[in-house]
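Labels for the chains are A, B, C and D, by order of writing; each one numbers its residues from 1.
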Amino acid sequence: MNVSFLGLGAIGAPMARHLAKPPFSLAVWNRTKSRADAFGTETGARVAGSPADAVRGASVVITCLPTSHEVEALLDGPDGVLAGLAPQSLFIDCTSGDPATSRRIAARLGENGTAFMDAPVSGGVSGAQQGALTVMCGADEATFERARPVIEAFGKKIVRCGPVGAGDAVKAVNQALLGIHIWALSEGLVALSKAGISPRLALDVINASSGRSNVSQNLFTERVITRAFPRTFKLALMEKDVTIAAEFARENRVPSPLIQSVADLLRVARQALGEDADHVETVKLLEEWAGCEVQG
Amino acid sequence: MNVSFLGLGAIGAPMARHLAKPPFSLAVWNRTKSRADAFGTETGARVAGSPADAVRGASVVITCLPTSHEVEALLDGPDGVLAGLAPQSLFIDCTSGDPATSRRIAARLGENGTAFMDAPVSGGVSGAQQGALTVMCGADEATFERARPVIEAFGKKIVRCGPVGAGDAVKAVNQALLGIHIWALSEGLVALSKAGISPRLALDVINASSGRSNVSQNLFTERVITRAFPRTFKLALMEKDVTIAAEFARENRVPSPLIQSVADLLRVARQALGEDADHVETVKLLEEWAGCEVQG
Amino acid sequence: MNVSFLGLGAIGAPMARHLAKPPFSLAVWNRTKSRADAFGTETGARVAGSPADAVRGASVVITCLPTSHEVEALLDGPDGVLAGLAPQSLFIDCTSGDPATSRRIAARLGENGTAFMDAPVSGGVSGAQQGALTVMCGADEATFERARPVIEAFGKKIVRCGPVGAGDAVKAVNQALLGIHIWALSEGLVALSKAGISPRLALDVINASSGRSNVSQNLFTERVITRAFPRTFKLALMEKDVTIAAEFARENRVPSPLIQSVADLLRVARQALGEDADHVETVKLLEEWAGCEVQG
Amino acid sequence: MNVSFLGLGAIGAPMARHLAKPPFSLAVWNRTKSRADAFGTETGARVAGSPADAVRGASVVITCLPTSHEVEALLDGPDGVLAGLAPQSLFIDCTSGDPATSRRIAARLGENGTAFMDAPVSGGVSGAQQGALTVMCGADEATFERARPVIEAFGKKIVRCGPVGAGDAVKAVNQALLGIHIWALSEGLVALSKAGISPRLALDVINASSGRSNVSQNLFTERVITRAFPRTFKLALMEKDVTIAAEFARENRVPSPLIQSVADLLRVARQALGEDADHVETVKLLEEWAGCEVQG
């Protein structure tokens, strides 16, 4: 099966690696060409010079880009996806996108007879490497079943959440919860630290109590109180995701004070901590505001 | 060892049951006398007619009441704890209290030579029944070690978080996280439901992703999408606890937009849903606001 | 000068009345035809059967509709504005619109050689009747100067705020301030009332102090503590306006906790109080939450 | 009439000056003695070495200090107010205090037969100089009438808002409105500025529209867009006042999302801008967050 993969970033490259072997025949494209060249050298995938070139002859196209806008921008122009895409092909977008843009892209592709599925993933770099990602799919049943064999190359838990846009929506809500849990635990641990109470002991107790979460059990225990702060997922991307959730809730007219607030707060954090900061470093903004560090 | 237990509520009674056998000799008191009488008949514990009577001859007093104010109010008067308490005894308050009042109580008792430890618990009714509670302690080392043999009768994870008030503070932060996680997941699932996306599928995905928490993995899966809503812990008490966290953060001058917001929102929920509502029913307020139910 | 006016609502009708006399020759259109007929009978204006019919022969078209979406929806189709509009005409939109849609409309009209200006108004029904509206204009200088003679028929303070969309943006910010001031004063007066302090006395003092505003000096003094609540401007429209401000701030990446919060709160208020509630009735939601009325 | 004035700060000194002439005979005390000495030299008032000394022989004592805690702390000890105060005297506290502490002070003084009235003022330094302050009083009718002749020396609008604590509460609500209006207008003008729209034009329009306030008509017009930022009233004091309002609302169980939020935001602003910043400089925090200045 001829597959085309566009976007070889931190998550995209290890995902694509699972498709660079039979029964798949892979062509790749990346904005920064040198990354694509290195990937081609390593895996033997065909390196394309443009999106149009990449998708020529492919029955399945996969994209994994920072936002839906980059995906939409790849469609048009003489080098764009639509210039090379065969009719009746399948377009799977693994970007953490926004539902409205995904629906617009689906409509554009539909004019060409191409089916679209939004399929954002969760699981990070290690999940992508191990082919163990959670994949949240938005498509009709037939498209989902058609996409499944390709998705299974890198995904473990693969769920059709609903029609086009549903995958994006569920991913955005997950990210909003992630952002809220990080911010809330930061508030709690900074306050306890400032009162002279050990955040390590507090985390130990919380992780055995009703307020525990993935954020308290893993992220803060391994990265914050140790001050390790490895850079695995950008704050800038989390901020983008939570803003998608905030707009999704607003469009559906659902009052959402916490999601709206945290979207706003992460905007402050991104501005203060910069484009390269990791999402867990958000705690540093609150530490600065309070004049106190969470360390233990 | 003569132990006195004051407050035989939903959590207090199963805690006290572990102390109604050797090596402990137990006296109990409860505001509603009939509950104490039933407990005495069942366990053989001595049923006291007043706090003063309950603590007479005891070397350890344990309280488990709705708020620190009820504890403070038990101290004085001809029938109060101080009227019966032997000097040099030990007072363990398992109420989910507030640090400032606990410090005040500790000071009052200290005049009598009595040591105080705040020791709120986590684990619910079943944790109390099984003697498997998490206990968050606030006391100096010596008092903590003195209290430990008694606490071990009902606690499994027993942590000294810091000086007097530290147990209350950690408990309050845990409850704030619980409240925030409930409110945030409500926002997300109500928005998804209103957009026609199954909350059961969304929960399934979130529970395999970075936004998961005890609230998503247990409370919402078992109680919300099933619409079971068992009444195990009152919203009114959670609102009280989160307000303690909000005041704790404020006193420590730690900016805390999410804790402050959710304290305020839970006040609305408590007023709307009533004093008997369970804490998980909070989602119903948001459902009403959005005109859409989370069901799956 | 042939002028066409589309949208004879509570504000539109009294605005249009100023254009139903020389030097203007007026044609009108309204979705509910009976309102247009009555207006024609009263003023002698020509009543058109469709937007296309209304704008035929006009050099200036004015719209005053609930949202930008209604304006955009009038453009196309066999009966739409573009089917009748002469090239090189001028389109003035007095809707409280949103900047992004206004820019899109301007681009569409520009293809036809038609100039566009967003020109939302402030001053209410009485300002419209007296021809004393404040008009916030978004256009280039030349278009603004071309529009001025028409605007002067109903406007007193006429300000070019910037390019297309700038009028909408300033109007939206004004409405956000209005909404925030109403909500904030509601919080303060409900709290004082609940503590037994007269809101009339409190307003009297605040109106002589630094916290005073148009909302405290006029709206609450005349409408709330008297419980008069005349219906002059819909909460539903204010909610729509504040949401425009919230999106404007978000698009410009400006952290805006109060605007985002009040957009969310007004969504709750609109859902609770209904589509016909006046904007000042917002206080009733808070009164219900607190179980206490502001009356004096 | 022998009057004693304690606290010769920026507002206190010009207030006291009105009492340094017949029919009043004035004694003053100030923590920093040199300020009291200068005041005595200028006005002929008796300069006391301690609070006890200051109040000896006085029938009326007036305090004007940063917070209620400073007032409470003056009462006790060998040099404290209670050591010198004649029974049956009158104690007027012009501090912007908090209701709970004022009630506690009133109770303490009541044991001595001394009447208490909280009487915070509004009007700034110039209002104090001109004897044109607004005075918000909390006392029973008899105490209020007894205090009035003294208050009239520096107050113009003098209102009894309710029992002890009511003056503090109304003042705190006014300050919360002031803080919210400053923060909200900052959000709006920063967003407009960032979008390239002149804040001067926007203010001009808003001041003719429904969103206008004392903050838009005076503070921002004179101090912000001019970048003058005179230091007339400290952000640190406004933050303290708004926190009193936030606690007042919470104690009365009134949901108050905007007051709670702005209390929290001002805590961030105070930490970021320092103890000497003026209250209007709050806008600078938002400017930093957005990377854009409001200037015109």
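As a working rule, a residue touches a chain if its C-beta (ideal position, glycine included) is under 8 Å from a C-beta of that chain, and two chains touch if they have at least 3 such contacts.
As the structure is a computational prediction, the values presented were derived from the model and not from experiment.
J.: Please report the minimal path length, in steps, between chain B and chain C on the chain touch graph.
T.: So the least number of steps between the two chains is 1.
J.: Between A-C and C-D, flag the pair that has more C-beta pairs in contact.
T.: Greater number of contacting C-beta pairs: C-D.
J.: When chain A meets its copy chain B, do both sides use mostly the same residue numbers (more than half shared) or mostly different ones?
T.: Mostly the same residues form this interface, as more than half of the numbers used are common to both chains.
J.: What chain lies farthest away from chain D once each centre is taken as the mean of the Cα atoms?
T.: With centres defined by C-alpha atoms, farthest from chain D sits A.
J.: Just the number, please: Cα centre separation of chain C and chain D in whole Å.
T.: 38
J.: Residues of chain C that contact two or more other chains, please.
T.: Only 253, 255-257, 261, 265, 267-268, 271, 289-290 qualify.
J.: Which part of chain A faces chain C closely enough to touch in the complex?
T.: Touch list, chain A to chain C: 243, 246, 250, 253, 255-257, 260-261, 263-265, 267-268, 271.
J.: Please name which positions on chain B make contact with chain C in the complex.
T.: It comes out as residues 257, 267-268, 271-272, 289-291.
J.: Touching residues of chain D toward chain C in the complex: what are they?
T.: Residues in contact with chain C: 99, 122-124, 134, 136, 157, 159-163, 166, 169-170, 173-178, 180-181, 183-185, 187-192, 194-198, 201-202, 204-206, 208-216, 245, 248-249, 252-259, 261-262, 265, 286, 289-290, 292.
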